[in-house]
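These are the structures, in structure tokens.
You will see two complexes here that share chain A, one where it goes with chain B and one where it goes with chain C.
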Partner chain A sequence: MYIRATGNISPQKTFGHGPMDDSPVVYNGNRLTAIEPEYKDFIDPKLIRRMSRIIRMGVAAAMECLHEAAIKTPDAIVTGTAYGCLDDTHSFLSKMVQFNEELLTPTAFIQSTHNTIGAQIGLMLQCNNYNNAFVHRGFSFESALLDAMMLIKENDASNVLVGAIDEIINASHTILNRLGLYKQGNICNLDIYQSTSKGTIAGEGATFFLLAKEASNTDYAKLDGLHTFYKPANAAEVEQQVNNFLQKHHVNISEINLIITGKNGDVAGDKIYDTLSTSVLAGKQTINYKHLCGEYPTAATFAVWLAAHILKFKKLPAIISHQPSSQKNIKKVLVYNHYMGIHHSLYLLSAC
Partner chain B sequence: MNQPVFVAGTGIISAIGDNVAQNLTALQNDHAGMGEMQQLNSVHKKRLPVAEVKLSNNQLATLSGLPNLKSRTALLSLVAAKEALANAGIENLQSLRCGFLSANSVGGMDKTENFFTDFIADNNKGRLRNVVHHECGSVTELVADALGIKDYISTISTACSSSANSIFFAARLIRNNIIDVAVAGGADSLTKFTLNGFNTLMIVDEQFCQPFDENRRGLNLGEGAGYLVLVSEKVAASLKNKPNIILSGYCNANDAYHQTASSPDGTGSFLAMSGALNKSGLQPADIDYINLHGTGTQNNDIAEGTAIKRLFNGRYPKMSSTKTFTGHTLGASGGIEAVFSVMALQHGVIFPNLRLQTPMADLPFVPERQCIKNIKLNHVLSNSFGFGGNCSSLIFSKV
Partner chain C sequence: MDKLMSDLKSQIIAQLNLQDTKPEDIGDDQPLFVEGLGLDSIDALELIVLLQQHYKIKLSNAEEGPKVFKTVRTMAEYITAHQAQNA
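Up next is the complex of A and B:
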């Protein structure tokens, strides 16, 4: 299976197709904000006004992806989102509480359902095909991608638009801060890996991929495998999962040129990455990505996007270039990510 | 990839009963579950009837074994999922790869509503334990952890078709050899958020709903949970009570017409039903019973009816909307109605479409008004259509 096209709206300047030659956007504080494109190039201005921010981001990332793939109607649309359309949910909920269930209007409620973005894409494309929405925390994107891969294997689709979207709103950031997810005080996104404190930095994004059964001469990468596992008991189980995954795909660790990890600066959560770097992944060239997009349940989309770009353009882009690298020819990339220690995922991608 | 997936167990809790047996009795005796709100605390209490599960959160906690502080959706979900697993009676479950594929529409919203009352006044207020399970997936994990299932866990939310999608996603995971056994379906508790949302759309009936009636006025909201235990052919063969019902067909299609309204000709419904038939290799004439989506709204029933008219073209199977008993249980409805479809096959019974007085003038068929017993059924079609144009159909067959 091949990643033919991508569309990525993130806290970095990722929207567009070229190799990422810019240096990273620097953020001070624990909240990274997606850089939104000029929407009118992708969406009818009349529609833009009615859409909330997450819907605009999702639809624009999807349209950019389809445009690059030169596909008008995908065989399936599959989305993942952990939190859904938070702003619409918050708006309806606040008014409901404030006005004691009176004087409410339907728009925010209508747009609060978790399948809104996939539905809006289907509506804009007049696409009657398969349309599904996964909402399982740190597995939301992984489930969507597995669904897409199975549809292709089952011969029910030859191309699938698959992606994930999550937004931060003030209320969710306040609540997650109170739950202790984020670092406090002065923190720069470029410094999170040197930090010894608890917590991470918040991120968001809208990232889509066009997954195709057949190769084309413009593909980014081949998607060789995906595996998820839930609440592993200990590091040994994680190591076992990594080994089994590689074995299942007949890959020796020596063939992997690059590891992308989900390190996020949280001293407790990052331990497992350090453990693997001295055991099953010892001696491998390794990069991190969450200083670029922040941490959120569907952040692994950014890692897959990054892996796809590295494999297509055959070099490490400038936005990660402050990290040590040997710049050798990269043919196989392994992504290992976990969210809150609960949801673990492994991705294997290779050059076309 | 194409091996059959068997239904090895069923579990349900709804406004008409706390388990499969109670639901069957109510369905066969015309006992609808709607009434005045007792559990939900809403200003619409006197005006809008709802189909509530009759147990309090404390009673559900006792029944499920989860603490009563958790979302009512998780409590309902665990009660039905446990019944389904017990019913399946798989002795070597620990040695099999087991998944929990659930669905809901608003996660732990019932608790988030409580949190928000304090939070809005002061962002430093509100008990965090009430918001920590807000996410749809978090409700699923509470239940998966209580069941001890961890090999594959996920949650789908496509509004009112959510749990039809989780059921057939689970079947595909089995066919793709990712898991051997799945507990699949969905749950939703009534919340003020959804009640007020549907109320702003002006599609909530102030009387008991009358799906497929010419003078229908809208839907009644309900709550509950419904799960199937799905197993691979190999697991099915190893069971003492060999299952004889399979999920033979399924399809998800999109109406691509409007965020909340169905197209007048029911394009999405037609594609979902015909796609499911195609997957099963059956012809329209093979279908013996349709468990309708049948919400009772003007828009849904004419769209669904028009699609049935076109697809079945003169040879109409028997059909009924069991939402006349349970109300519209949203994210749970596909799971609950899948259980009803399996019960129909197991017991040879067609459940009635209650309160149908004046058949719809534009449709050439009339749903069943009386319960039909001792009827031979081989193939049952279950429809679930939702906001966002998401339309899914499942077909269950006897083998």
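Up next is the complex of A and C:
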């Protein structure tokens, strides 16, 4: 199956025609915030007023994706999110406390559910087709993508709008900061891989893909495979998972031209990437992406989006140009990502 | 009454997040629902909450809704009448 179109709102200038010629946006501090477009160009102003930031981001990214694919009504809409619409949830719960569980406004409650964005897209498109949302922590996007792939493989859909959305808000950032997820002190996003401390940088994003059964002459990439595994016991198990995944797809490691890893600057979490770079992935050209989008449970969407762009435009984009590149003819990309060392995922993409 | 209507317009804009709408854009006798401001049933619930939060008025009879929330003026009249009744 093929990635025909994409839409991505992230802490980089990814909305529009992609990042190929832009330098990375530099952030100082442990929080990367999405760069939002002018929503009125994509969403009816009458609808915008009820949408919180994450809903606008999700809907706009989905609309751009559909626009690029020239598809008005997809056969299915599948979304993934770990946190859901946090801002609306926070607003609703705060008002419950503030007004002693009375006088609750309906809008925040209605918009706080995890399937809000998928539902809103369906409503805007007047699309009554299959619509599902997956809320599986660090596997939320992977579960949504697996569902989309199964719909296509089982001929229940010929094209699926699939994506993931997660936001960071002040309250969640404060809580996760207290829990030690993020680096302390002055940290620049471009320097996280040189860091020797624990923790990473917070991120967010809304990324959608139009997955199609049939090839077209404008596809970004072919999505060959997806695999997830939970809490591997040790590095040997991860290596085994990588080998099994490649074997299942009849791919030899020598055929892989580029590895995209989910390194995020956390000295503990990055160990496994370093181990793999000296074993099963030794000698492979490797790039990282979380300095661009930060860490969040559905951050792997950014990696898939990046892989798709690299395969389509046949070059490494300027936003990762500071990373050494020797490979010119990139035909197969392996993405390996893990979230908190718990949720591990592998993606295999190839050029069309 | 004018002061109350002016306050109501600002409160409606804030409660319903009516972006790009200023209090002076809302006419005193302009219909709030369908034509006019184009509000819908979810907004009606928000307006009920607004009355409770700002004026301590609980709209107990749902059938009164369409009459009370017809325009900013009808809302102001309802609030004034309710306050006079409880004075």
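Just so we're on the same page, the second predicted complex is superposed on the first by the 349 of 352 C-alpha atoms of A that agree within 3 Å, B and C clash if a C-alpha of one lies under 4 Å from a C-alpha of the other, contacts with A are read in each partner's own complex, and residues count from 1 in each chain.
By our rule, contacts are C-beta pairs under 8 Å (C-beta built on N, C-alpha and C of every residue); 3 or more make two chains touch, one makes a residue touch a chain.
Computed from a predicted model, the values in this text were never measured in an experiment.
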Simultaneous placement of chain C and chain B on chain A, clash or fit: fit
Partner chain(s) touched by A:T105 [first = chain B, second = chain C, both, neither]: both
Comparison of chain B and chain C by chain A residues contacted: B
Which superposed partner A:I48 touches (first chain B, second chain C, both, neither): second
Which superposed partner A:G84 touches (first chain B, second chain C, both, neither): first
First, second, both or neither for A:K153, with chain B first and chain C second: first
Partner chain(s) touched by A:A133 [first = chain B, second = chain C, both, neither]: first
Which superposed partner A:E38 touches (first chain B, second chain C, both, neither): neither
Closest Cα approach, chain C to chain B, once both complexes are overlaid on chain A (Å): 8
Set intersection of chain A contacts, chain C complex versus chain B complex: 102, 104-106, 110
Residue ranges of chain A touching chain C (in the complex, touch as defined): 45-46, 48-50, 99, 102-107, 110
Chain C residues touching chain A - in the complex, by the definition given at the top: 15-20, 38, 42, 45-46, 49, 52-53
Residues on chain A engaged by chain B in the complex (per definition of touch): 77, 82-84, 92-94, 96-98, 100-102, 104-106, 109-116, 118-120, 122-123, 125-137, 139-140, 143, 146-147, 150, 153-154, 171, 174-175, 178-179, 228, 230-231, 342
Contact footprint of chain A on chain B as seen in their complex: 1, 42-44, 105, 107, 112-113, 116-117, 119-120, 123-124, 128, 131-132, 135-138, 140-141, 144, 150-159, 165, 169, 172-173, 175-176, 178, 192-193, 196-197, 199-201, 252-260, 267-268, 271, 386-390
